Structure formats: C-alpha cells, structure tokens
Amino acid sequence: MTSNAIAHSKSATSAEQRLAIQFCQVRAFSEAIAAPLAAEDCVIQSMPDVSPTRWHLAHTTWFFETFFLKHKPGYEPFNSEFDYLFNSYYNTLGEQFPRAKRGLLSRPTVTEVLQYRKYVDECVLHCLESANLSLQGMAVIEIGLNHEQQHQELMLTDIKHVLSCNPLFPVYAKTELPVASVPEPAEFVAFDEGLYEIGHAGKGFAYDNESPRHQIFLDAFALSNRLVTVREYLEFMDDGGYRKPDCWLAMGWQSAAEEGWAAPLYWHNKDGKWFHFTLSGLHPIDLDAPVCHVSYFEADAFARWAGARLPSEAEWEIASTNIPEQGNFADQFFASERTVQPAAPEPTEPIGSGTTSLRQMFGDAWEWTYSPYMPYPGYAPAEGALGEYNGKFMCGQFVLRGGSCATPSGHIRRSYRNFFPPSARWQFSGIRLARN
Amino acid sequence: MTSNAIAHSKSATSAEQRLAIQFCQVRAFSEAIAAPLAAEDCVIQSMPDVSPTRWHLAHTTWFFETFFLKHKPGYEPFNSEFDYLFNSYYNTLGEQFPRAKRGLLSRPTVTEVLQYRKYVDECVLHCLESANLSLQGMAVIEIGLNHEQQHQELMLTDIKHVLSCNPLFPVYAKTELPVASVPEPAEFVAFDEGLYEIGHAGKGFAYDNESPRHQIFLDAFALSNRLVTVREYLEFMDDGGYRKPDCWLAMGWQSAAEEGWAAPLYWHNKDGKWFHFTLSGLHPIDLDAPVCHVSYFEADAFARWAGARLPSEAEWEIASTNIPEQGNFADQFFASERTVQPAAPEPTEPIGSGTTSLRQMFGDAWEWTYSPYMPYPGYAPAEGALGEYNGKFMCGQFVLRGGSCATPSGHIRRSYRNFFPPSARWQFSGIRLARN
Amino acid sequence: MTSNAIAHSKSATSAEQRLAIQFCQVRAFSEAIAAPLAAEDCVIQSMPDVSPTRWHLAHTTWFFETFFLKHKPGYEPFNSEFDYLFNSYYNTLGEQFPRAKRGLLSRPTVTEVLQYRKYVDECVLHCLESANLSLQGMAVIEIGLNHEQQHQELMLTDIKHVLSCNPLFPVYAKTELPVASVPEPAEFVAFDEGLYEIGHAGKGFAYDNESPRHQIFLDAFALSNRLVTVREYLEFMDDGGYRKPDCWLAMGWQSAAEEGWAAPLYWHNKDGKWFHFTLSGLHPIDLDAPVCHVSYFEADAFARWAGARLPSEAEWEIASTNIPEQGNFADQFFASERTVQPAAPEPTEPIGSGTTSLRQMFGDAWEWTYSPYMPYPGYAPAEGALGEYNGKFMCGQFVLRGGSCATPSGHIRRSYRNFFPPSARWQFSGIRLARN
Amino acid sequence: MTSNAIAHSKSATSAEQRLAIQFCQVRAFSEAIAAPLAAEDCVIQSMPDVSPTRWHLAHTTWFFETFFLKHKPGYEPFNSEFDYLFNSYYNTLGEQFPRAKRGLLSRPTVTEVLQYRKYVDECVLHCLESANLSLQGMAVIEIGLNHEQQHQELMLTDIKHVLSCNPLFPVYAKTELPVASVPEPAEFVAFDEGLYEIGHAGKGFAYDNESPRHQIFLDAFALSNRLVTVREYLEFMDDGGYRKPDCWLAMGWQSAAEEGWAAPLYWHNKDGKWFHFTLSGLHPIDLDAPVCHVSYFEADAFARWAGARLPSEAEWEIASTNIPEQGNFADQFFASERTVQPAAPEPTEPIGSGTTSLRQMFGDAWEWTYSPYMPYPGYAPAEGALGEYNGKFMCGQFVLRGGSCATPSGHIRRSYRNFFPPSARWQFSGIRLARN
C-alpha cells in the first residue's frame, strides 16, 4: 500500500505541498457530499451494510488521527472516546462499537463531527507544513486520502439507500439526470489466449490487494463492447428471468426468494410503468442507460439467460490495457450539477476495433466479475493494523472492476479490485457480458 | 372515552375557551420536552418499542387532524402522505408505515414537523374560537389532549432509552437530581375483605378501559406503605436474586437469561460501584430512591424473594380511595428544572394510619400489579377507529397503576390503567409489595 | 396437590392395593397409546412445544423415579444420566437437556425406554406391596399418576402434530370417526349475578393451582348451551373473519399474519373442499362436530364476530355446578376403537332448562376462557421441586376448561385449570360463547 | 459427466454385466452402513446440513427411479408421492419437500424404504440383464452409482453428527480405532513455476465440474509432506490461536464467536483432558493422527499462525500427479472392522524425494484448499435436470481435495472436486500446509 511516487518526487518540500493540496481537496469533497443533507439524514443506518453520514465523516477523520497524528509527539486527541466509536474493524486497535448499531447514535452531532474534522485537518496540515515529514508518514496520509475517497463513494450509495426507505422519496439534490443517448449495438470484442500479467504496475498508489503483479494464463475470450442496458434487462424480466431456476445459482435463487427480488433495487412499478429512485428523486427508468443496482446473482442469471457469462477480473484487466482510466465519475457529476447516476455513453467518436472499441470500462457502473475476491499469489498484507484493511475480507465476496458514477475520479485504476458479497445491490453495480 | 364534564360546563363558550387554553398548554409542553434535543436525537429508534421524538411530535398532530379536523368541511390536510407515515395502529383508517422501521425516516425533518404542528394548531384553535363546536367535537379534542399527554411520557422514556445507547452517555438536560430523604420504615397497611367497586366514577374524562365501574370481591389484603427502595433491591441482588430460579416465573427466568439481566435497566457497574443513567447523565445510584426501570418479572421475583407478592389492580385502586391524586409529575420537574427521576418521599407530615399512611401512590414510579390487562365486565370499546385505542391490546400485558415522574400531572387518575408487556423495563416502573 | 382421599380410606392396606391397580392401569394406557406407532414415529419433535413419544414415555417414568423411588433406601437408578435427559423443567433438581432439542435424540431407543418403564414399575409396585407406605408417599404416586394422565393427552396431541407434518398423511390407527348427529340450536343459558365460590372442594385429588377455594363476584352472564360447530365456524371464515382486523386482538392479528392462519389447524382445502387431518388420516370435515384446533385468538375473534364473548373460567365453573363430569374421553375412544376426535352430542334426552340444558361441558374439546392463567387469591405452590409444577407458568397463558376427547376420563374435574399460550392450536381446543 | 469407459468396453454385454455387479456392490454398501443403526437413529436431522439416514437410503433410490427407470416404458413407480419427498434440489423436476424439515418425517419407515430399495434394485437389474441398454442409459447408472457413493460418505458423517448430539455419546459400532504411528517430521516439498494442465483426463468417469481440462500458470510453490497433526493443532490452541484476530478472516472470526469454537468439532474437554467423539464413542484424542473436523476458517487461521497458507486446488492436483489414488477409505475400514477415523500414516517405506515423499494425499481427511469452488474455463453443465448436480452450487464454497476415511475407495480421483461452505466442520476435513 506504499507509493514510490512520493519518494521519487523531485523535492521533499514540493511533495508535501502537493499532498497538502490534495488533502484539502479530498477532505472538502466529503463535506460537499454531506452538504445537501439535513442533520436528520446523517444519522440513519437503513441496513447493517449502510453507515450513517455522520459516521463516515467521523471515521475518515479518526483514520488520520489514529494512523498519522497519534504518532506525532504531543498530539492531543480531540476526544479519546472516539476510538471506540469510530474504529470500523481494526481489532488490533481494540474493541469497536458494534457496526450494526451505528444508527443508534446521535452524538457527536453533525456539527460536532465537523468540529472534529476541522481540528484534525488543522493538525495534519500543520504537520505537512513543517516540511520534514518521513516517507512513511506521507504514505499514511496518501492511504488516508484513498481511504476517504472509498468512503465518499459509500456516502453517496448509503445516502441513496437511506432516502430510498422513505415513502416520501426525498430528493438529495434537485439536479438533472445525465442525458442518455442511444447506445451502440452490443458486440463482443475478442482476445487471444495467452500468458498475461495482471496486478498493480508502476510507482503510483495502489492497495496491497492489487499486488503482487503476476502471470496468469487465459483462454481466448471476448468481452462485450458496452454495459448491459436497462432495455436489455427488461427483456430478461419480461421473459420471466426472475422465475427461471435454471438461470440462477442456488444461493441466488434463495436470496431472490427471501428478499422478493423481481427487478433491480430502487425500481418501482406504478400502474405498469417502471420508475427508479435516484439521488434527485423518483424518475421513469431510462431504457438506454446501463442497468445498475443489481446483485452478482442477478448479473450472473442475466448472463446465463443471455447465453453468455460474466468476465473474470483478469480478463477485464487485460482487456482494459490500452484504455485510459477516464469515465463518468462522482466529482464530475458534482461539478456539472448533474445527478450521480450512470448514463448511456456519449458516442463522440467512431467505434474502433479491438480494445479501442470497448466503451464504459471506467466510471458509470461497477462491473461484476465472476472472480471471487482472493489473494493474488504471493500476497502479503501490510504490517500492523493497516494489514486488516483488505486481507481479512478475502472470503465470500466477488470482485468488481472499473469504478462507477459514484467513484471519485482520482480513485480508480486498471488494477483496482472492489469487492462485495454476491447479494449486495446498493452499489452502482452493473453488467458486462463475456464469452469464450 | 367521552366526558360529561364538557356537557355540564356552564356555558358552551367558556367550555371552548377553557379547552383552547388547555390545548395550547398541552401542545406547548410536547415541544418543551423536545426543545433540549438536537435534530439528530429526534430521529433514532433504539428498539422497536421506542419511537423517535419527531414521530411523537407528528403522530400526536396527525391525531387531531384525523379525528377532528378532517370532519370539518373545507379542511385541507397539511400533507396527505402523512396519513400513512403517522398513523400508529388504526387499521380501520388504512395501512401504516411499519412500526419497527420508524427509525429509518429522516423526513419530514423536525423543522417540517414543527411547521405541521403549527398548521394544525391554528386550524384547531380557529375551530375552538368559532364557538359552535359540538359536544362530540369537544370530546374528541379532549381525547386528543389525553392522547398527547400519554405520548409526552413516552417521549421522555424513549429519549432516555435512545441516549442510553450511546457510550458517551449524552445529557438530555443538565439539571439537578431530585433530593432524596430517608424513607420511612416499610410497613403493611391492612384492608378488610369485602365487596368493593372499582372503575371510573364521576363526570371527568376517562378512557374506555376504565369502565364500566363494577363490583368485585376482595379477600383481606395489605399494601406496603411505600415503594421498594434501591437499597432494598440491592439486597435482593446481593443475595443472588437474579440467579435463584425459584424466585422467578418461567418466562421471566428465560427473559432474564436471554437479555442478560443482572440489575435494573440503566444501571452500570464501574469498578464495583453502581451508577445509573438518567436524563441528566450518569450518576451514582441513590439508595433511598424508589427502584425503577424493572420489568414485571423482576418486580414479581423481588416480591417472592421478599415473602410478599404484587398487588392486584383492584387492591391498589381500593387502597387509594382517599388519597389525593398528587405526586411528583413530569411538568413539576420541568417547572423546577430538576431531572425527571423518582425521589424518596418528602416526610412533611406524620404518618397516619390506614389509607392515610400510604405514600408515593401517585407519581414517582408506575406500580406493577399482578393483574393482566383485561376488559372489565361489560366493557365495550368506543365506536369507530377510536375503538382501536385500548381494547385490542388486552392480551399479554400487565396493568400498572399510579403514574410516574414522567407522567404529566393532569394525566393521572385513581382508575387509570396503564399497561405494558411483562418484560418492559424502559418505563419508570417500580414495585409496591402486597400480602394477604 | 395432596389428597385426603387416601388418608380417609378405610384401611391402609386396601388404599395401597387400590393405588397399585390404578398405577397399573394408568401406566398401561400410556403404552397402549404408543402401541400403534413405529419406532421412527416416536422420535420426532415437530415443533418446540411437541415432545417425542419416547420422551413422554421416559419422562413420566423419571417422575416416579425422582419423586418417589429415590427417597426409598437402596434404590438403584436405572441410568443416572436419565436425570439430565428426562427432567422437563425442574430447576431445583438440576440442569435439563434443552427442551427444543428433544427431537435430536434417538437413544435410549423406544425398546430401552420400555425396559426403563418395566424396571421402575416393578420397583414402585414392590413398594406398594410392602404395605407400610406413608401418606406422603402415596400422595406422590397419586400426583405421578395424574401427571402421567396429563402426558397421555399430550402424547395424543403431539403424535397428531408429528404425523400431520408428513405429506403422506400417515394414519395413527385405522379407526372409525365418531358418528355426528345434528346439534341442537344454539341458545344462551342465563345465570344471575352474585357472590359465588370457585376452586377445588372436597377430599379428592386436585392440583395446587385449583386452590384455595375462594369467593368471587360475578355479574349476570349467559353461556351457550353447546360448543360452536364447524358449520358456524365456516360462516365466520366465509364472511372474511380472518381478514377483519376489528374482530381481532392486536397480538392475534399479528400471529395470524405471521403464521398464515386462514382456517383451524389441520384443515386442508382441496379443490374448494375442506378436509381435516385426524388420527385416522385425512377426512372431509364434519359440519356438525364442534370446531377444534383453534387458538385463543381465533376463538376470541369468532366470538367478537358473533356478537358475543368467551366465558371467564369462574363463569364456566359456576355454570357447570350440577353437571356430572362425564363426556367423551380418550379412554372411551380407545375402548370403542373409534378415532379420538370431538363429535356432535348424542341427543339422548330432552333438553332441560338452566344448567341442565348445557351440553358438551366435559370432554370433546377444551373450552378457551378469557381468563389469564393466574394464581387464585392466597395461592401457595407446593413445597420443594413439585412447587415448580404449576406456579411458575402463571404468566402469558389462558385457562381452558372441561377436558377434551384426548383427556383420560379419570383426569378431569369441574375445577381443573388447563392452560396454554393464546397462539396454541395443536390441542383439541374449541369455543363456547358467553355474553352478559 | 459421461464416461467413455463404457463405450469402449469390449462387448456391450460384458459392460452391462460389470455394471450390474458394481450396482449390487454399491447398493449393498449403503445398507451395510445403515445396518448398525436403530430405526430411531435413522430419522434424525441434527442440523439443516444433515439428512436422516432413511432419507439418504430413499433419495439414492429415487435417483435411479427418476433418471433411469422412469424412461423405461411400462415402469410403475413404487409410490408417486416419493417424487416430492425424495427429490433433493432438482427444480427442473418440480417442488421438493423443504430440506430443513427432513427430520420431521417418520414415514416411509426404514423398513418401507428398504422395500423401496429392493423394488428399484430389481427393476434396474432386470434392465441390465436385458442386454440392449443404450450407452446413455448405462452412463446414467454410472452417475447414479457415483451419486450413491457420495451419499455413503454423507451417511457416515451425518450419523456421526446425529449421535454426537446425544449426551449419552452412543456408539455407532464397537470397533477398534485405527492404530496411530509416529508421523514423519513435516517438510515442504517444492514444485517449480510453470504452465500446467489440470482437470479430468482420460476415459474414466468424472463429474462435469472436473472438466474441461485446461492450462493454468502456477508460481513456484511447496506443499507439506503430510497432514497437520492433532499435536500441532493443540499447539495452535495452546498459543491462543482461537483468540488472535490477526490469524483469522473476518468471516471466520465472526463464525468462531457466534458458534463458540475453541477446538475442532467433536472435541470435549473433561477435567483438562481432550477427548473426541468418534463412530465408536468417546475416546482420548490421538496426538499423532491428522487433525480433522475443522472448518476452512480454522484451517486458514492455523496456516496463517504457522507462517504458511493453504494450497490451491491446482497446486494440490499438480503435486499429486504421480501418486497412486490409494489411501484409507471407508470400505477398507468396514472390511477390517475398524472405526472410520483418520490415522497416522503407516511408515512402510522410506521417504522419497519430490512428489514421492508426499504422504496422506488420498483418504484420511479432505484437504481444504483456498480455491473457491468455481467453474473451470469453458465449463458447461450437463443437459437437463442432471445439469443441476454441480453447477448451481458454484458460489460461496471452497474446494477440498483427496478424499477422506469416509469416502468409498472407488469414489476418489486426482481431479475430484469436493466442496463445502467455509464454516462446515462435520466432514472429515483436515489441513495440509503450503507456501511459496
């Protein structure tokens, strides 16, 4: 999880200055995400996987306090009881307030949490200004910023889930939905069999779970040139896809039954017409937009119904090789005052061939792969408490690739491995088909 | 649930004026209870039995809107979707938002709920000023005010529970705890066997469950002259009372095991010393105060351990016959800026004999009786939706008598039947012993 | 729970002889109930309330061993580990194998349990033959026999439940269903208000919960002359009774929803026709038979729908005053090789007036009363472990009166208080209406 | 899942004769496994994963009836209701009796199930004798026999679990435990990195999930020469391994807490000494035997504690390349009247080098790999209902390799992929360490 980028910057001073600027930007964006909310909105935990906004704001702050500031001599913690309240899951650091009960807490209030942020921000910036920061210290801040960007995405997805539970369908922000254009016809782009390399390369930041870079043999495969659309998913639904056991994994069939799935999360049928809940309220579905808020089980069932399969994470990474890490990311939506929501691609250029014809690889919607989230060969977690960041979750989850419309643009990489349990639906998770 | 008091007031006009004043007072007290809270506090539902403060504020308002204003021609509802959100359990009026999920809602916000209250208050007062209100209309307002007073007690007990879940032990209001004095020695006051009458008498307001007044035969019995103290309850605990199965009902033994009861709710042991959480934060227990926040099961076990039993509700009512309905009630605590919490009695007068020597019968702590909450002989629920107010809960609950420190002083009666399941502990519920 | 009957028998010797004969009869009847079963049937616990037949056979034996034989010098227990396995709920005697897990045990096998029974029977009979038994010892055997008779009824109801879970609808015994005759028209028999006495009287055996006999004041009331029939219950169903919230207690409404009640337990609808599962397999319902296998909640809802109410246990006991304790009991069904199942009354005599016109008071179906199961005034449980027999269950249950077709004929009394939770349906429980 | 072996046998007649002999042998072994049990033992389902013995005996019979006999003209099913009762999970064939409720059924009895077996056996053998069986028909019988062998292992593990729930610790069969000898010192055997092939090869029978054979790139790795012993596992326990969160996956830590794991399943501590429950009752643990009845989570935690890791299934398969598929299998234990239980290896020969020094690769205990159970590249499930056999379970489970002491010796292969959820402990599952 360390970054040689910092070490190789031309002068220590300028590296710290750049980090200070980045720190201010990232920290400010978290508060910008919370800004449209009422205090009441920031308290609610609508299911165990969701955390209240005030918790996200405080936990990301606790992260800098715990892994950076507490190692500075003379640092006075803002409130020593916050260790128990805002430690997420670092057993090495002591007991934690139970995750499923985060929604029982109203204090510290949002205002108090913002004071906590201000206090910690000033202390961190003071350290960054004092110019003689160790490489390790700077690496921890870099991790802290990546950590906070992860939580920025979660803040957006968690707020969406919280508001969605209210029959009033509250609007997070009155913004325009992204304009949809007609997507290109779906085509499969072929790749040869061969011995490839995947995993993080180069000097930039990456999490420990993206390493080590390693060889892998792939059979020939093909990926669809774009994401599955709402229109295509409706065909699956209209064909009884949710009621065909032979399309489904046994666990998925059971989840669908227990939770009554008959459409993606956030879809509502009113008098025969489909609407979906978005961060700007309830709207008719957009047939040309990529389908999202589907579980791995639904993605897998759709793929089987369509005579295809999901990609593996290695296939996805190899296919993405020459594609720039650009797309529709959260901060762009904020900057243009549009609703954070995937849209049809803008067909600004003629479709290429091979890799260059792959669209929507970055941003829009996380793409479920059929790869269980497991360590790469030779994986070693970071030392100390930060070693709990990734490794201990390598069981029972699947890898998603590419980032979504809720991911901050600085927080996505070709080698980035997102992971969620196969029943998770509240992320902006969509489908790209693959086949042999 | 009707009140002849209104009908018999000297002039219709003055009755309406009096009702308007009472209306303003009661409605204002609800808001006074909520005033010390942050918006974040008002959202949380810490267990299914607890409702968020913003829900209480809105539901009591919906009650007036639904049962009174909607029968007025030309009334425009504040928001027609509130019917679904703020109907508590009146099936006759339509479906309700699930009770256990009230804590998932952040909207309408507290500010919006206060606007809703203002809107409804003005409409109600306008009707009361227009002077030609029917007796039935006035009776509905009277019920609405009694209903709101019930919820005022629940607001206090629910807030206490919400804040108690926070390891920071937040303070609702920084106020003085009531001063305790040494209680009198416990003595049993005897009553003869005989054919008595219980149930609501006279022309004042009462709920339908207090009627009809009826005859009942009682064996000779005796009631303790005061409530069980914290000191006495500690003796039970120190004697292993929580670990003696022969003291407990089978269901109570199971509840205690499942929920890990080893002391009253809100008690915390720190390094061998007992503290309890109050509305002014964590404090050392007061040995002379009445024990409270015990379940029926604990009250029953304590009584068995003490060689006594709990009173029946009829015994309690007969014993209270000549005692004025005065005590330590919620509004008095507010008026004197003291913490709502039971205290030892002020021994201002020499102890009398017979009934007159019974202390703490009204206010301080609700007294568990061993009477299951069942209809009185000949009981008939009110007509229409209001018939759902009491009757349908007559199963699986026990009657408590006398009111508590969280009861508004206008809302207690000799014949008042409060009721809770035997495992409930979050009300200010205490113990008075009885024997044959 | 003591019986003066034994003490007053003419000579000690003959009392013991009579007890020995009774002992042999009761013990043999338990084995007769088990006789038609395969070993496989005797192991299953189809829900936590149900116990496997092999457990009943062993537990009733353990009762004699524990409360009688272990006090005899030199007694060698059959297997000391059975204390843990076959103690039901006597905490005073030590820990118990968890009730809900009785269906996980296959050993001791049925054959081994029958050996256990033989061993204990011989020891008990040997004591009874030795002629100098204390009155207390004889009282314990009398309790043990009553205890076993209670379990005989449970064996029948539990077997019925076990077999009912099998889609093959296995037949317990191929016997004739009781012949139904057309019931008399339903009429209410009136009783005056007054101060009455209820509770066990006289010298015969009774459980501690039937005492002390005490005075009670009753308002004027009326009881229906017979049980509610299947035909009448179908009218309730056809009128949407299960879907009318205003007929139901809140807890009952919730139970019905959670468990999907739409008819009495054991009813099956095949192509629009109603069948019910009986101990002789699946049969069309008998419109003239008393409805049974209904919960308190259903009985209460039916009564409200019918414009009536359930009786109190005191009303039932007073009304039964002059009616002989005769009816259709389990052993009579066995003797005549008919299926244990309630039948319409045989109208052998002209209907009388007053009490004498009440039919079906004893046997056929237990009659739900609206009386919560609570101690009588002055109730004191027996000393020692036997004190756990009744008292500790006095919470959350309702009293049923009169005995059923599954009750052994020696095991019913005017003052007998059976009790079950209000959601219980697997007993032969029916409905008699009352009103003021 | 088809087998060319049948097609290539010299003459159709002799292939059918051989199949008939195999059929008789396999079918007889199932009944031999059930023979020591009482009827009562055969009914119990001690947890949802366990099936009663009578169910296994019937379900394996239903398999032949459904997939083979029903396609023969004129076949009369033994009992048409068995389709619902004994279909395990084939949605294509219709609804199934709920898996978790198999322990509620006592009928058909064991005797009746044996009659069912006899009926089906005679029909199948009659077909095999009639000599003109299609290759497809013979393939189905071959699958059915493999299917039954799978269930033979489950019968043994399920019986062990059922009996283990009984505090009497019943003995399945009074047999000698296998003799343990001192195991060799643990050493890691190294393998080079390279492009390998795994998956089923050749003409013999294999399940669809073992195909297609495919290339895979492996980094250099090393496998331990033998299984982890009880002695080594005790060191982990004594070092507090169950209380060190940094050894555990997050899900494992949670499972261990929820289920109170502090030792392998079936271990009991009596006065400081460890015993384990076996099919011949409770015995002191054998320090030199391979540890078994551990979950994936425990295996993974042990490996991390030991500074190693679990192997991948590809590593295991490559390492097994030249090792004969021989070991301690269930039928050998039966033949020699020893208890089915893993034992220390018999050091009959000098330890070799490389692959040849790997011991205990087949039989003894299933070896947890860290490979999630997923389809091989290009995997296609079988057509029709048999396609539900394997594919739909490819989620949330881990692959185990090598077979155990409870596997029939004809039912293990180098390419065999067993799979269980990571919390499963009731199989004979052990640990082989690996490292890079």
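Worth pointing out:
Every chain is named by a letter (A, B, C and D) in the order it is written, and numbering of its residues begins at 1.
Definition applied: contacts are C-beta pairs under 8 Å (C-beta built on N, C-alpha and C of every residue); 3 or more make two chains touch, one makes a residue touch a chain.
Remember, predicted model here, so these are calculated numbers, not experimental data.
Shared contact partners of chain A and chain D are absent; no chain touches both.
Copies chain B and chain C of the same chain sequence form an interface built mainly from equivalent positions, shared numbers / all numbers used being over half. Seen from the C-alpha centroid of chain B, the farthest chain centroid is that of D.
As a whole-number value, the distance joining the C-alpha centres of chain A and chain C reads 61 Å.
Rounded to whole angstrom, the centroid-to-centroid distance between chain B and chain C, based on C-alpha atoms, equals 39 Å. Distance between chain centres (mean CA atoms), chain C to chain D: 48 Å. Shown for chain A are the residues in touch with two or more other chains, of which there are none. With chains as nodes and touching pairs as edges, the resulting graph is a single ring in which every chain has exactly two contacts.
Counting only pairs that meet the touch rule, the chains in contact are A-B, A-D, B-C, C-D.
On chain B, the positions that touch chain C within their shared complex are 89, 91-92, 195, 214-219, 245-246, 248-253, 297, 370, 372, 374-375, 377-378, 387-388, 392-396, 422, 436. Here chain C touches chain D in the complex through residues 38-44, 46, 54, 81, 84-85, 97, 101, 103-110, 162-163, 165-168, 170, going by the rule given at the top.
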